[in-house]
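Consider the two complexes below, in which chain A is the common component and chain B and chain C are the respective partners.
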Partner chain A sequence: MTLESHAETAAKSGFAGRSPGVRRAILVLSRVWAWIFLVALILIFTMTTKIYQQVDFLTVRNSQNILVEIVPVLLMGLGQTFVIIAGGIDLSVGWVMGMASVVSATVIVALLPTGIGEGLSILFGFAAGLITAMIPGFINGVIIAKLKIPSFIVTLGMSFIARGIAYLISGGNVVIGMPLGVRNFGNESLIYLQGGNVYFLQRPDVTGIALRSLDRVFTYPVVVAAIVVGIAIFVLRKTRFGRHTYAIGGSAEAASRAGIRVDRHTIILYTLSGLTVGLAGVLHTARFNGGSPIAGDPLLLSSIAAVIIGGVSMFGGHGNIVGTVIGALIIALLTTGLVMLNVQPFWQYIVVGVVVILAVLIDQGRDLIIGRMKAE
Partner chain B sequence: MEPLLSVKGLVKKFGGLVAVNHVDFDVYPGEVVGLVGDNAAGKSTLIKCISGVYQAEAGEIYFEGKPVRFSLPIEARDAGIETIYQDLALAGNLNVSANIFMGREVEKPYLGGLVKVLDEKFMLRESEKVLNTLDIRFPSLIEEIDKLSGGQRQAVAIARAMYWQARMMIMDEPTNNLGVVEQRKVIEIIQHLRDQGIPVILISHTLPDVFAVTNRIVVMHRGRKVTEKLTAETNSQEIVQYMVGALDDTRAA
Partner chain C sequence: MSRKIMILACALLVMLALVPLSVTAQTTATPKIKIGFVAGIVDPFYQVMELGINQAVADLGLTVVSQYPPAPWGPTSQTPILNAMIARGDLDYLIIAPTDKDQMVAPLQAAADAGIKVITVDTFLGDGDYIKGPVTFPLSYIGSDNAEGGRIAAEALAKALGEKGKVYVQNTTVGTSTTEQRGQGFKDGIAEYPNMQLVGMDYNLDDANTSAAQTAAVLQRAPDLGGIFGVNVFSATGASNAVINAGLGGQVQVVAFDATKDAIEKLRQGAISMVISQKPYDMGYLAVEFAMADHSGVSSLPRRVPTGYQVITAQNVDDPAVARFIYSVPGQ
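== the complex of A and B ==
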């Protein structure tokens, strides 16, 4: 015997009330709209930049610039995706990233004169950046899990604390004096393209105009970020840890009754968020050849926007990593494309804002349609 | 026959309020016991003492002949006492199979044992099996719980308890908020459990449901057990009189 579907509260919405076929189409569209939007953006910018500015949008250089640009936003967004799926939010990521950047640079500067060598100094410096970023994450997790204070408040407070620490360590300045290895790690790449030649791992010895036309494909930070993205996708989709993350976001009460150690899981989630943010900070130090306390602050809201555009529900329980990657790409494409079109850069904020709101509207529209379908 | 669950002289106080006042009661294998009473009669508190949510101030609980003291719900569940709560304790964003295996997911080695991944196929297959034993069919086991009806969700919660070899089940108002057809289905599932030898404690306001499925009825009033009747030897008028306090066996004795 099949259980009869029982009428639930009927959703009231104009466009959700169309015929089943239309509704199903809207439903499918609402799931893949971000992909379509991404492709559409590329097409539109390719055409408009060609027509109005006579430049190519889809170039190796451009694509690599966009990838380099999204690394910090994406890394912040990864930990954030896990945290938000589990029903929380981490507002501390911006200043924790700055703190990690400053700590890694400071440790490297301090270790260099000790004579342990450039390689080890950089290694310990980066490790110090990662570990110090995990500490505020861990503390966030403990306070949220054990003292039951909303994540919004705890991580907001932690954001100020990390900001203070970042400024105290750096004296409010950029920490400079990095050895060459740091900048190389942040800027050199797996593949080089120059005048039709392809070089692997070894930068061709060119100067002047030839150096300027040298294209770096897959710089090390991009490679590192890609690996971390791969791991995050795997963990969230395939492992028990990922499943528990969704379960907690769906109902922490149910998860706890089912024997999931919700407190422990929450603490791990915020600590991991710290780790990915720490990685963003360390990579910032490498890319810009110095530790900057303000490295992450402007990126916090972009990272949350990327997560939302990617379809992660702010109420928890829904979303995935691929969505966040697409979200980050959409933001970066918009920014780059508008700049290339010579539109005043301030417009990019307005466009991103509109897209964020649209993304949530589309998600809600989908929920309304599902509600309607259930009611019938 | 030995009782599976035996509660003796259980007392639970909240400050000055005695929510459960020296209650004794037994549950035998293969029976359904109805636990009824007006609001604030102490039914839910009694159940929560048994399932480890609350700890009683006095009295003993014996399960399978051994004294037990559960300090957490998970301990009661590990012992085989499953409680199906009113709010169901399911994660609405997960599918049927993921809910049945929630917290006890089955993994398989991956990349030569380097890491472990969820064994979705196994969990789907097992979920289907246990739903079949309860004679429940779903259009799809990968449907999110949120998209199912109240009765279907109730069925998932019961199936989960079944799969994890519950020795006894406690159901708190399982037919609340359900349509007529689904209420009947839940009653059928309870009968199914009883036939398979799993006793059920059924807490309900709906007397017709209680009479439809129970062997015995325990009535509570203001924290005390006021009577215990074989379902076949009583009727709803009598039970209602006990529920409102008009009749009281302990007072007569």
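== the complex of A and C ==
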């Protein structure tokens, strides 16, 4: 769908700002509303948890809990952001994550007795998880690009295939028997805070009550995710690859005429999506000390919701990585905040649903206004 | 080429002609029954149950055919398998874990109408009461009482905490009868102790990540939490992860339901303090014995048999009498 027809749809729906002032306000709002919503959520939860539960929401520990929680949804959402900006969608991410989790755990368990050492076993296991996750991504890309089958269908099919493989490898069980290093990588951190002291890399040797007040700041999965987010922002904003991604999402035909190798680019996009999802799977194995085939299944819709809340247009062509990070943060904040408030957690789904629809409405409003401004 | 086909066809005809002979020979020699087993899903719990069934079948000299529906759990996956079992036409008894108490009534009624006697294991039809309930055609319901399981978890946790303090439940999905009953049983069990308080119950949709996030949030709300009941292994995995990362390992007791190998590994590592194990092997063995007893004319079989639980802790996990309740299939 082109920008113009997209705007027409919005015009028919009657969502139109008339005066230039209102238009400008909506344009500004469309860029920053997710930030405003995020800050508002933090303020609301800070006040309400204090009033109703007498606990602090804005603590180091809570911030870290939320960062840890968003890692899988965020990693899934990163690849998805690229894919959706380019006008596609990847529905295979949920089960590919489970497959990567299971493969990494299985390889580690298989390598441990060979005597190559714990470190190498873990390294090879994680590498195997990442590589196996890229294979379905690559196949997705080839079928979508070369055989011109809609991404929705190809990746849906791939989702089932990955699910079958994940179950076949694991026998439906959680793959167990991880060495200690795996759990440490998933749960230990860069910085530790304890009683006003700061420790780097080395966890202070504390027990009992002191252990209770030990805060892990930037656990390794969070650090890994942050690095990947940094790379993704750079690639999308500063490189030719990023510009081509937007161009293809705007119009694949125009991009192709402009000399962009659309097929090759599409294949790389889906392979990259597999890579970030594979990373989510490997980190799940590390954090929960075992490979679970169902690890990613419940997260698929949350990851797409995060991307949409972040302002990526489902019609392709615009959006950015920071938006996806904010989207993932909003979802995680709702989980933590509502549980701390002792509210039925089901409200979370209702709020997320409203925010998703709101995000698309704002997106359409912006397109409409830009379209009008161009016309005038 | 055509000669080969001829030979093959002749061989087939001879084999087909022999089939009735062998069947009659078998039935006249041993007037034994044939049992069908349809599990709920591919899962170590049902695999252990099948081990119990196979042992009983071997002990009694019977034959059994076993089938596992593919994922996802539900009548859509299970009914085709069940119908294929009925279509065989040679089964006398069917041991099945119905995947839905209402939707599976009609398909299983068809089995009963076809002359196959039905025994439900682990799960049930109607309300599980085959005497006065809405569904009465199954012979018996042999399985754990999940509310009792929740109460046992509450008792075990209360004992470990000195019958005082705050506790919390990590549940999976709303409306799943087994896990809801475990949660409710736990609530009722805790209510027996005046100095214990349930601070909440959250649903994680079988996602360990969500369970960890919710538990971490609860630990902020109630830093003096004493124990957590995870109604299945994913719930307990997430809860124990949050507990350990809050520096509360060993101080907040995590109780897990179901003795999967994963749960037992976490018990050995100290991440989980107690595992409430069901007895799938016993369910399977007993179901076969019931079929044989019914066939022999015993008419006083109980219509409901709760098979009970085993509480597994780090202290007793290596005791063979306890370890046999771990859901582990040899060779896997």
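Quick note on the criterion: the second predicted complex is superposed on the first by the 353 of 376 C-alpha atoms of A that agree within 3 Å, B and C clash if a C-alpha of one lies under 4 Å from a C-alpha of the other, contacts with A are read in each partner's own complex, and residues count from 1 in each chain.
Quick note on the criterion: contacts are C-beta pairs under 8 Å (C-beta built on N, C-alpha and C of every residue); 3 or more make two chains touch, one makes a residue touch a chain.
As the structure is a computational prediction, the values presented were derived from the model and not from experiment.
Participant: Let me test your reading of the model: by the given contact rule, A:317 touches which partner, first (chain B), second (chain C), both or neither?
Facilitator: In the superposition, A:317 touches chain B alone.
Participant: After superposition on the shared chain, which partner residues are touched by A:257: those of chain B (first), chain C (second), both, or neither?
Facilitator: first
Participant: Under the stated touch criterion, which partner chain does A:240 make contact with: chain B (first), chain C (second), both, or neither?
Facilitator: A:240 contacts chain B only, not chain C.
Participant: In the overlaid three-chain picture, which partner chain does A:249 touch, first (chain B) or second (chain C), both, or neither?
Facilitator: The answer is first: A:249 touches chain B but not chain C.
Participant: On chain A, which partner's contacts cover more residues, chain B's or chain C's?
Facilitator: On the superposition, C touches more of the residues of chain A.
Participant: With the two complexes superposed on chain A, say which partner A:203 touches: chain B (first), chain C (second), both, or neither.
Facilitator: So A:203 meets neither chain B nor chain C here.
Participant: Taking the superposition as given, does A:187 touch the first partner, chain B, the second, chain C, both, or neither?
Facilitator: second
Participant: In their complex, what parts of chain B are in touch with chain A?
Facilitator: It comes out as residues 73-74, 77, 85, 87-94, 98, 102-105, 107, 110, 115-118, 135-139, 147-152, 155, 178-179, 181-182, 185.
Participant: Could you pull out which chain C residues touch chain A in their complex?
Facilitator: Residues 41-44, 71, 174, 199-200, 202-203, 205-210, 212-214, 216-218, 220-221, 223, 233-234, 237-238, 241-242, 244-249, 251, 260-262, 265-266, 269, 271, 332 of chain C touch chain A in their complex.
Participant: Within the complex, which stretch of chain A touches chain C?
Facilitator: It comes out as residues 49, 53, 55-56, 59, 61-62, 65-66, 68-69, 72, 163, 167, 171-174, 176-177, 187, 206, 210-214, 216, 284, 287-290, 292, 294-295, 298-299, 332, 335-337, 339-340, 342, 345-346.
Participant: Would you mind writing out the residues of chain A in touch with chain B in their complex?
Facilitator: So the residues of chain A touching chain B come out as 1-8, 238-240, 243-244, 246-247, 249-251, 253-255, 257-260, 316-318, 370, 374.
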